[in-house]
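The data blocks that follow each hold one structure.
Next come two complexes built around subunit A: one with subunit B, the other with subunit C.
For the complex of A and B:
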């Protein structure tokens, strides 16, 4: 039982590590220069594939391990320089990365679908055969190799099933991958009678001998009734790091040519050419489903339960805890006999305590902070694939990849970002012809830029494309009745209309975006994170989408407001301003909804006491304050009795022990130990409109 | 508080010697003795003013800060539609763990006073009699007789409705598209 649990935990580790490995492979493959691959990158990619293979086999995920083995073989040939790095090769490898990722994703649910793996596997094999280089090398080296068996010995061998001659030439680095030939020979010995001959020992030069390198080869003769698989299994872990030929011990005379023919390469080369040409169309077909399925499991940022923390951050934390302990002992001196002469020391201690607490809070938060490169890392691939699919040349620039933000926010910002990037690629950037015609360089530039500003993180998606077509947006908005026929809107407001629900100006629905469910979902997702998105665009010059997010979801800058005896917290981000209005500035519609005029806009008044059924000090508009808040582009004035202090609050979930409540996003514990509820501004506005009818209609009625 | 202190000790002792036969913590509510499974009880604390949550049933008094966790508090008298009385010196909050959809939730129950701890064998517990719709029998797990007194054993998992927002949360999305 406990073993199962442990295995599950370890398997989870394998999954996490493999996903990281796949990321490394993917980014490495994308950075490869065709033709002249950087050996370091190549090695990194190879290592990642190798550990996925090894881990997969260890945990019994044989499908993954076997598939990874094929990938690894191809990579190895590229790494050794035996095979040029071609675009086809890289494409196939990228698809394989997707495939492994998919298979790993399936592990969690149980069944692994191997259909795609099989397909890719056959393509990989086809590619492996396609290049004569590697096969011929193995063959030519093999040609002189099979030691002509001593006629006397072959005389003893009466049948083919007598055993095997094994030609084993390990690569130099075999020891470094923790493989020991001696151990393998022992394993072979357990199968039958083994004779071992060392080759290559004579031309060893003692001068340049590296004890960590394997410079020897072996010729083995195994007399056994075991089949070929049993022998191959012994070499399974080194198969990709050595030259290995296993031939049956020839029977009397006539069998010898047959054995040589077995691994003679010139023949295999020709039949291989045919499957290769067949494989080419198959690859194109395979590509389409790959592009479609990729965003499904792969792109929707995996939420992993653990994080890796930089040791510096942990050290800083330990330091701070040490300081806290010192402060505590300093304060504890005042615990016993206290007289007023000590008040100065006590005060100092308390100041120190508050500084410690603040620093501790900051560094604990920092532990959850991860660089945004985790979210950005998927884009080189996405932009490359999408660009290819659309026939657009795109250069992706990533700026500020080391900007840190909370892990939770990071995981949730991925999808909206993908949406924005796709949108820019699809609707923003023009085709090379259009760009040339507009006098712009052929290659479009898409920039992702992240930086800190105040307590927020700002992420910009900038393209130098055609910009938003304002006439089209406005016409569409009028058609949908979102904007009155004579209403004049500023350019900014027109641009931001694209975030309205069901709004899409794409002439044709493409596979990538433009299904009309785009931008409003982006806006809602970002709003759920307590953030805000806006767009600036200039026709013919490009568009800039700006996302503004809080650094963390655990802490909120709040404004305490009071209604009667109750205090509530309003997020400072959603507050536009706070004003006091006279009763005569307030209009009533049908005796129900109240509106007041703020500059050129009529805003509904949300009476918190009424909405929450609590008692306020006064219900007269003159006595209280209106906190103007904004959510989803809708502004309302929330009527409260008084404003109290502003403070940072730690968000506690109501749901953990009770349930979600409309209009309330959570709770927090104030300095005096009591609980205060945090208002959810969008929910509150919704609650108000649910009770008082639709905002658009009432607003139009007054205007 | 002294009362609950003393009982806490007894509860600890009782919990140590617990076996398949259930142990029950009993409390008083409008003159009747009610029992809850002792393993579901986390702690007993004195009454403290809770922060009300708007738009909840009246028996939900609000939420309390229980060492950093925000815990809802239910007035059992109101829950059982009994007459409310002012909270007094013996009024306590029994903090229990309720199971809801695989999740454990912590909830406080306000009762008149803590009474005793009994060990009850399975055979001693009778199923609740069918009393028509007049009484909240859905909350009653069974009845037991201890020293000639009747003890009503509660099914606490049903005391509070954790659902509610699921249906409502769909509303905003729909309304937004309408707008």
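For the complex of A and C:
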């Protein structure tokens, strides 16, 4: 039987289902009101644990099942109202959820590490004992696999004699639960040789015979080597609605086994006809290794290459493809003999084609779009745990969870977001005491807000904490040589200093947001996604971190610029402004670096023609334009001949088609078929400084 | 072909049960919870019902009670397949009209054997 192969597939289903169940448990637990839990939520959490326990045992993952059993017991007490929902309880349950998740994760790779489970198990047990009267009692408190066949069974041979005489007088209603005595007799027959005598048949009066009632009794004699338990088990399900006497058949030599103690009301009340099913757990165990080794690695993780798409989106796509086909057939009419009377029709067809293309593009993009709730979903837990660890009361608000963005961007934005949130919790929000002293409500508010703006998605991390300490930041920046001793900076610039490499205001590295990773990494990660992060902060009121990201990595909103005969594309997000400067506003430094003054700042001029070694229309600053771009907190003016149109460009990898180039992030094909290179602004700035030296020194020298 | 209505809120248990029973030659109808099963049962008769206890919307006990009220289900065997092994719960199930009680974890081969016996 190919049962094992299919079992493996179904076991995989169990794993996926359990992970979903754990998510339900986690979000449910996080939403529980302490004290008075919502019964609906409580039931959902309980059921998830219950399914993991039951499925775990069925599919041979005994460690998981046993651990889930403890969790379930605790949940059951909470659900029944026997135990108040306490913070400690919820914390322990949340840890248990993590633990089960880990154990399930281990299934794919092989061995399950039960060390943590054991530890949590004893904590769970300790908690269960705290409330006397509620532990280990009640329906579901039994162990997940209590019906392990007793290996000592054979040791009870002294109980077994020739067999048993059975006096069976079922209650009248026995048929109503579909328990047919005949079936029980068949089951007995499988144990040995059975003799059946009907009792009471003579008293039956046809007149008042009710076919749905059982009016008969039976005396049975079973010659078997099976013990009393096996016989009792056959009747177990109906034991309470019948008279049942089981006595040993007296042996010829008088070696009658002593009357067996009747405490053995069987644990497995199997259907009356299924005495064999007590062997079930043993079989399941035997199959376990096959089922365990089967799950495909990685299949349980979240980083799978597949995507779940709403059927509406697919339908819309199919519909658009249909329209495209119509347009194509319409245009193909002009393929043969063409004369100018047809030009109107051709134009219409082309207009339609461009509309189809645009809609198709939007539609395909939409398929890769997922709601940001996928990235937000981890935060309730994270905020709670981190808040607990720091002794801060935090209320998390999620806004705009349905805002959609590209799957790749979504996957990569997770870590930077976590970092920002941790940072806000750690450095932004104050302790309850500090808050009260500052006249603020005890509970701090952390808000994650996502929305679309133009072709971008904006994600804000807002806290109502103490705000950035500007003096401290500036002092630190001066100490690290990031800012000149006399340099004056606007508040905004000071706030954004925290994103500079090698900057950290925490006096000692915190266990939480420290981790040796600074905000500059956050900024770099976001920049890698073509995005931008900035912060606004007001002392005592709070801080707002704003991440601005392109909706997709495949298409870029670009500005075409021209240098001589070449066209380049600059990502619109990185452009601050474009200006024309007079040559007399430009300072030469050390004969090489050129700086121009933009309001209060001196910015280096990056001459593309020089950097790339191409011919420009003119090298005179007055003749061209300066495109002020910003990356990594550094602004420069890129000198170009002219600005051309803005357009969305499809990014083609230069690395895949040619090789990696510093200062160039990719290429695209323009409408006229020519190739234009896309400028990698951070790389470009780096390239410039590599050739012209450190910007700060120059800036300070001029200032 | 004899038919079995299998009710469980866990998709993996549903697939396992349906796979095993289909292999054994039964026609399997699946339901995700008691309510769905009961709705199906109103207009359809099966030869046997196999149900979980803990389910959303309508639990196994509720389903058994509901089924026993349907004239065409008065004598259909109703088996319970559950992790619940407490006596109280079993008595509750029995009072509702359950025919038998199989405790998870279960062995697929044994499950088939049990069902075959009940349906013989």
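Worth pointing out:
Rule of thumb we're sticking to: the second predicted complex is superposed on the first by the 393 of 703 C-alpha atoms of A that agree within 3 Å, B and C clash if a C-alpha of one lies under 4 Å from a C-alpha of the other, contacts with A are read in each partner's own complex, and residues count from 1 in each chain.
Everything that follows uses one rule, which is that contacts are C-beta pairs under 8 Å (C-beta built on N, C-alpha and C of every residue); 3 or more make two chains touch, one makes a residue touch a chain.
Note that the coordinates shown come from a computational prediction; the quantities given were computed from them, not determined experimentally.
Of the two partner chains placed around the shared chain by superposition, neither subunit B nor subunit C is touched by A:582. Once chain A of one complex is fitted onto chain A of the other, the partner contacts of A:115 are absent, as it touches neither subunit B nor subunit C. In the superposition on chain A, contact of A:58 is made with subunit C only, not with subunit B. In the overlay built on the shared chain, the residue A:663 is in contact with subunit B alone; subunit C does not reach it. Of the two partner chains placed by superposition, only subunit B is touched by A:674; subunit C is not. Applying the stated contact rule after C-alpha superposition, one finds that A:17 touches subunit C and leaves subunit B untouched. When the shared chain is aligned, subunit B comes close enough to touch A:689, but subunit C does not.
Touch counts on subunit A: comparing subunit C and subunit B, the chain ahead is C. Subunit B contributes residues 49-56, 60, 62-65, 68-72, 105-107, 160-165, 168-169, 171-173, 175-179 to its touches with subunit A in the complex.
Across the complex, subunit A meets subunit B through its residues 501-502, 520, 524, 566, 611-614, 632, 652-654, 656-664, 667, 669, 673-677, 682-683, 686, 689-690, 694-696. Interface residues of subunit C, counted against subunit A in their complex, comprise 9-13, 15-16, 19-20, 23, 52, 54-56, 68, 74-79, 82-91, 94, 97-111, 113-114, 117-118, 120.
Residues 1, 3, 6-7, 10-11, 13-14, 17, 43-44, 46-47, 50-51, 53-55, 57-60, 65, 138-142, 144-147, 175-179, 183, 186-187, 212, 237, 240, 267-274, 276-277, 279-281, 283-284 of subunit A are the ones touching subunit C in the complex.
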